[in-house]
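Below: a set of structures, written as structure tokens.
Here come two complexes built around subunit A, the first alongside subunit B, the second alongside subunit C.
Now for the complex of A and B:
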């Protein structure tokens, strides 16, 4: 399934900046960054649970906000993207 | 339908900061802010087209990134939220 991981981590403190880096690092293991604090990840149920647990280990629930959405598929019918970044289509043929 | 509007607007310049404010202002007409640059909006197809046009009027496609996702419904089955902000459930009974 396709999920969107979106987070707001306060960068006012060094600890917050460190959390921000670690949250991004976790997400990179599961998918691609499409905006500064937004990742698209392709996961199964088991991977979802592990990703969730890893992210909850990194954020400070008193300070930060984490949202994980399930996105309707196929993505190309349910996403409009404009501007600077164009995401890589997981399903597209990979030209090597 | 339920959509997620997510954007990255560069805030290095005064023009960017102005665009950021105007993009947020447009989104507020259609839904609720759930993170700094993420809004959940409940729209029909016609409203979606108008929202898209209004947002494209505000962003600089050379500088900024705008993504509009359709979110699977019902929201409570397709969203996990953790941390500081809890979104208002559009469908929930409004206690006045």
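Now for the complex of A and C:
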């Protein structure tokens, strides 16, 4: 399934900036960055739970916010893409 | 349940792959070209000079991700091998079966039967699709001759007789195969017999490349199941030869490789410009052609089919895995016969 992870991490303090970097790193392990604080991840239910747990470990729930959306199939109907950035479909043919 | 994970193909030479967190980064000239989470990938197929960081190599070995290096024309050059794993009892059963002449012959017969039956299906399908009456008749005639060879398989008392039947049928098959090609494509893809090392025409170059891709999937499937890819039944054991992977490849040659090659040609997706001629008459796919073929093969692997024995839908890409499992079941004596994949 495809999920959308978006977050706001407070960067007022050095600790906040550190959290921001670490949250992004966790997201990258599961998917790809589509906008500055928005990631798309193709995961199964188990991976989604692990991702959620890892993210909750990183953020400070007093200061930051985290939202996870599940996008229902069919993706070509429920997801529209405009502008210069084109996401990579990791389940499609990967040739470099 | 095995899940069909993706394969990352790297055809850009001088690419460098490294591990970053739980992802793999493809670096080209110090630029990050692609970053993929490892959970999407079960295999890497690398062409020519592609390097992996020691950390990534270690990780792949540990997780049992297959890493294979092929040269430009798709010929196998190296692979990564992690710790020997899998079921030793199964491997023992495999070795005992290889020592036992009767059992070896039984498996080899199934392998040849699957191959001939499936190549016959490709000709029959060609016959259904052609409008030319004479060619249709010729294809049906060859298909019948191959069916006759299939009928002789149970009578073959030894491997040499069996290999003789296979050779005769293969010759008939390749003679008839150009008739499955659309007439307008035949000028660009002249083909009269199978040749390799090196391939001497575009069609041979194309099918050789596809066989190499399917072979690497067969090998990975056998290793996943825990069988030893080097100890074959129809193919004799030789140092460095993946004899069992070659056995398994036989039933897939026609439906996965030959049929895909013909489709690519008939639809005009591949043309003369996708091949290069080398000195001495060798013909090879060039970069553009190779990418087209890999993309088509990957798409084909995603297609779902109903397996005739298992009666369940599965993606084409998992066929080698399921056949390897069926073979393992036979070797462990859980079932009485090994039934090859039969293409419809």
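Keep in mind that, in the parts below, the second predicted complex is superposed on the first by the 93 of 96 C-alpha atoms of A that agree within 3 Å, B and C clash if a C-alpha of one lies under 4 Å from a C-alpha of the other, contacts with A are read in each partner's own complex, and residues count from 1 in each chain.
What we mean here is this: a contact is a pair of C-beta atoms (placed from the backbone, for glycine too) under 8 Å apart; a residue touches a chain by one contact, two chains touch by 3 or more.
Fair warning: this is a prediction, and the values are worked out from it, not measured in the lab.
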{"item": "First (subunit B), second (subunit C), both or neither touched by A:42", "value": "second"}
{"item": "Partner chain in contact with A:31 - subunit B first, subunit C second, else both or neither", "value": "second"}
{"item": "Subunit B versus subunit C as contact partner of A:69, first or second or both or neither", "value": "first"}
{"item": "Comparing the two partners subunit B and subunit C, which touches a greater set of residues in subunit A", "value": "B"}
{"item": "Residues of subunit B touching subunit A in the complex", "value": "4, 6-8, 34-38, 52, 55-56, 59-72, 77-85"}
{"item": "Subunit A partner contacts - residues on subunit C that touch it in the complex", "value": "6-12, 15, 20-23, 26, 28, 33-37, 39-41, 291, 294-295, 298-299"}
{"item": "For the subunit A and subunit C complex, residues of the former touching the latter", "value": "25, 28-32, 41-43, 47, 88, 90-96"}
